[in-house]
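The two complexes that follow have subunit A in common; it is paired with subunit B in the first and with subunit C in the second.
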Partner chain A sequence: MTPILTTVFALLIITVVAGVLLGYAANKFRITANPLIDQINTLLPQTQCAQCGYPGCKPYAEAISTGTAINLCPPGGQDTVIQLANLLDLEPAPLAADEAKAQPKIARIREDECIGCTFCIQACPVDAIVGAAQQMHSVIVSECTGCELCEAPCPVDCIDFIEADPEPVPALPEKSLSEQACIRCGLCVDACPVALLPQQLYWFAQGNAYDKALQYRLMDCIECGLCHAVCPSHIPLVQYYKMAKLAIREQDDKQQKAQAVKQRFDYREQRLASEKARQEQRRQARAELAQTSTKQDDLIQAALQRAKAKHPGSS
Partner chain B sequence: MSAIILLLISAILVNNFILVQFLGLCPFMGSSNKVETAIGMSAATTFVLTLAAMVSYIVYQYLLVPLDITWLRTISFIVIIAVLVNFTELLLHKTAPLLHKVLGIFLPLITTNCAVLGVALLNINAGNSFIEAAFYGFGAAIGFSLVLVLFAALREKLSLADVPAPFQGASIAMITAALMSLAFMGFVGLV
Partner chain C sequence: MAVKKIKLPDKHQVLSTPQIMLWVLVACIPGLIALCFFFGIGSLINIAWLCLCAVLLEALVLICRKRRPGFYLKDYSAVVTAVLLALCIPPGSPWWLGITGMFFAIVIAKQLYGGLGQNLFNPAMVAYAVLLIAFPLQMSSWAIPAGIEPNADAYTGATALDMFRNERGGMLVSEFWAQNTFFGTLSGTGWEWVNAGYLAGGLVLLYKRIIAWHIPAAMLGCMTLLAAIFYDGGSSASGGSPLMHLFGGGTMLGAFFIATDPVTASTTPKGRIIYGALIGLVTYIIRVWGAYPDGIAFAVLLGNFCAPLIDFYTQPRPVKDV
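What follows is the complex of A and B.
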């Protein structure tokens, strides 16, 4: 055999075996459902507002899992972008929306102008509008996500979007003149009465690494101020902890609210589905009824025919 | 037995692939931002490296040597490595989708991780037996994982520290890597 043939033969063997193996593996490990989508979905605010260009939070989560930009969600704001970036190990990009949209808003109906058409009630993805036909409608403020989906259907344009009460933004304490850089002396560790690591917590609080701060039990800090007292660099450590705690609580609140909104959205979907099923059932019942009634008509006709045959004289 | 242990220690510490032989630097810098990611990358690379060392030994000894085409080894090893990486990717996509997404391009890039090809070729140059080849590959992978995870842990700390502006990002990472490399030089003479 010439060397060329030997080479081709050897490579052929290797590649064929490899191809068979990979084909088998591709079949065996076929992807059916992607649990990553659920993980992304829990981070989204669940306003179902479609401002990202997808018809809801779940479809957007699906799109993200295949590589769509993570900064398209105005209701989630920059926090959501950062959380998604952390989950997917991406660089957090600035939110792709103008500032006006990033402000949280809620809908308000000018009630004396409302004509009671119920269009906005049908449009609301979280059932946050109450009212009945020919009656005034009203927005449940605590449930409104400010998605603006009710604005378009309103025939008399009586829905305004007002800014929700701005939440207090935790601000870093002003650097006092005496505050110096941390020299990592560890005095704060000795001083802490609840055996935490104040120096680590300081770095985590400063770098907004709240997961890590929680892991190092930031919430156990009793804010006694001893670490600040012993710090040779005069760092107001407790101020940093307070700020971080506030931010963590706010994050939790937001997540809880998102969960509640998601539940309302799910309930609405369920309700719509069951309504549709009921309608279908009723339609079928009617169709059956119509069929049986035609059957009865047929029976009557047949009886008349027989009667006619028996008594041909009478009509 | 002692020869195997010696081989392992030499591959893990003394001739560490990243810090002493400077192989596999791409994932070392690329997927060391988070410890979780680094652990995932280490596991994937360990799997590929050990298997690649074993399979390439078999292919070399029982296919290339009998046919007298040993000069074909680089190409055939690359094919073997590519197949193993592809297999790992399929496996990961099924079992750990988040990790698959996070590792992203670095997962297929294990194919071009020179540590993997390096182990396969070094095994042949050293004339290792099958068992030795397997343990050499495994040791190299453990050394790779050790350094990658340690480096990722350091970088996690660094990301929160007050690094001076000119040193932020890649430069402080390079300096850290250099210091780690210096530290690993201390293992020379252990074996």
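What follows is the complex of A and C.
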């Protein structure tokens, strides 16, 4: 009997201690916000276009974190799909929408036809349309993300979508017939006047590993061409570096633009929220006023009855 | 503030990649002659067979990868791999040993990684390690060097390093050497000359600026230092004399031809010294305390592992701190 009791007590104590510990840990180390959502959100282009079927980039990010497909974002294009796939360790699927839709566009209002209804202003997720009631509206070109959300509400159909200035797409030089494989002989290392490791940069530039290339100071390359001159495999190294630099700058631009748009979107959300709050306040004030006025009515009624009681004969 | 000094490139001195490979082949000749002199023409047969395998396998894989075999074969890198492996395996090895080795060298270690310049590991050493682990008997049966009375059957196929490891018992170094006089003066009859041949070839490569001095110097220096420290006055616990280590086994071939393979080595000046010293260190450890009589192949593969890391931490800086 005693061993059984000992066992039961021992287990009981262990269970209680473990339970307390678990309960404490669950409270102490509670994860309030999912950090993954923010990481996903920074990769999205922040156009807030809702083409993915979610009302903005943040909701889509939340949806992705719970397992929604990552290829629903046409403005982000295939690049975003690949970046998301890398982040989430998934297979990059081809973009769901057709490529034509992925081309960046800009809204333009045919201003002589605009009737000043302000519907498009309310629809714009990034406050990129200016104007007032009964006045002509206009699109701020630099802020427009081409999300097409203003098109549907327009009653006179005066909004067009025009192609944004096409960005120049650089192309790698055609592989010359004499270009052989890099054997990492290191002659370029000796030749480089700014002490780079050209063979590593070539490796990373070829593999689109731009963050690595930056770690190896790609941006310090002065494009003097000495590495190309000494290369026993006759690789036009500088061409690769130019390409990589261009791609990095483009990426940075995109990122900056996305950040700016995100700021505007966040500001708009804030503004709408505060407007709503103000409205709510006014409504409440009115309600209170109505209540006090009923009290006043009651007072008047009471006074009238008192008067009636005093002078029963009068009407 | 010190700004990096640069050597201005001279177009006329720059060799092309195929020329570099051909010079490596040429530099193998002295060592090959010594091998043939002491061990017969088995090495020549090895070279012919392995080259044939290498070229055919490389062409096959290139066709599968939809590349132009004619263009890529012209860089002679496959031939260099074949020759280096042929020099490492015992003369007169069976044909299947050679083709298995070349399959692992060319197909697995090189082309599956993306071909010349993309491989992480030295193809010849990958093949050597695979063969050594898979076929230890065939890989250690070296013929008795010429000039030695084949009276001691027990020693057939054992190299000097083998003997020193396994057959020494508790003898002093001097006793061991006295008992085995046929092992020459430094590190076994034949082997010292083979190594001297590779040393000569390596000096040619250095002179032609095909390899940098850092890796061989660091590797040999590290081995000499360790051997000197653990020589222990030739006691029964001695690790063997520095000369035995420098001129025994595959030291010189490893230092000048294997470890200096630019694709898989470190490429910064400082990194090359660390890389070479690491290979020397591991080789010595394996030879003296490890399970194999020679450890060049494993040491080089381990060095290959570390090369990217070494490169990352030894990046040159254009301007040194004031």
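Note that in this section the second predicted complex is superposed on the first by the 260 of 315 C-alpha atoms of A that agree within 3 Å, B and C clash if a C-alpha of one lies under 4 Å from a C-alpha of the other, contacts with A are read in each partner's own complex, and residues count from 1 in each chain.
The working rule: contacts are C-beta pairs under 8 Å (C-beta built on N, C-alpha and C of every residue); 3 or more make two chains touch, one makes a residue touch a chain.
What you see is a predicted model, and the numbers here were worked out from it, not measured in a lab.
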Touching partner for A:V189 - first (subunit B), second (subunit C), both, neither: second
Which superposed partner A:H234 touches (first subunit B, second subunit C, both, neither): second
Touched partner set for A:D220, first subunit B, second subunit C, both or neither: second
Subunit B versus subunit C as contact partner of A:G53, first or second or both or neither: neither
Which of subunit B and subunit C A:A181 touches, first, second, both or neither: both
Contacts of A:L197 with subunit B and subunit C, given as first, second, both or neither: second
Partner chain in contact with A:G116 - subunit B first, subunit C second, else both or neither: neither
Touched partner set for A:G23, first subunit B, second subunit C, both or neither: neither
Touching both subunit B and subunit C, residues of subunit A: 181-182
Subunit C partner contacts - residues on subunit A that touch it in the complex: 177, 180-187, 189-197, 199-200, 215-217, 220, 226, 229-234
For the subunit C and subunit A complex, residues of the former touching the latter: 4, 6-9, 11, 14-20, 71-72, 75, 77, 115-118, 210, 212, 262-263, 265, 267-269, 311-312, 315-318
Of all residues in subunit A, those that touch subunit B in their complex: 3, 6-7, 9-11, 13-15, 18, 21-22, 25-26, 29-31, 34-36, 39, 65, 87-89, 181-182, 203-204, 206-207, 209
Residues on subunit B engaged by subunit A in the complex (per definition of touch): 33-34, 37, 59, 63-64, 67-69, 72, 75-76, 79-80, 83, 86-87, 90-91, 93-94, 97-98, 101-102, 104, 157, 159-162
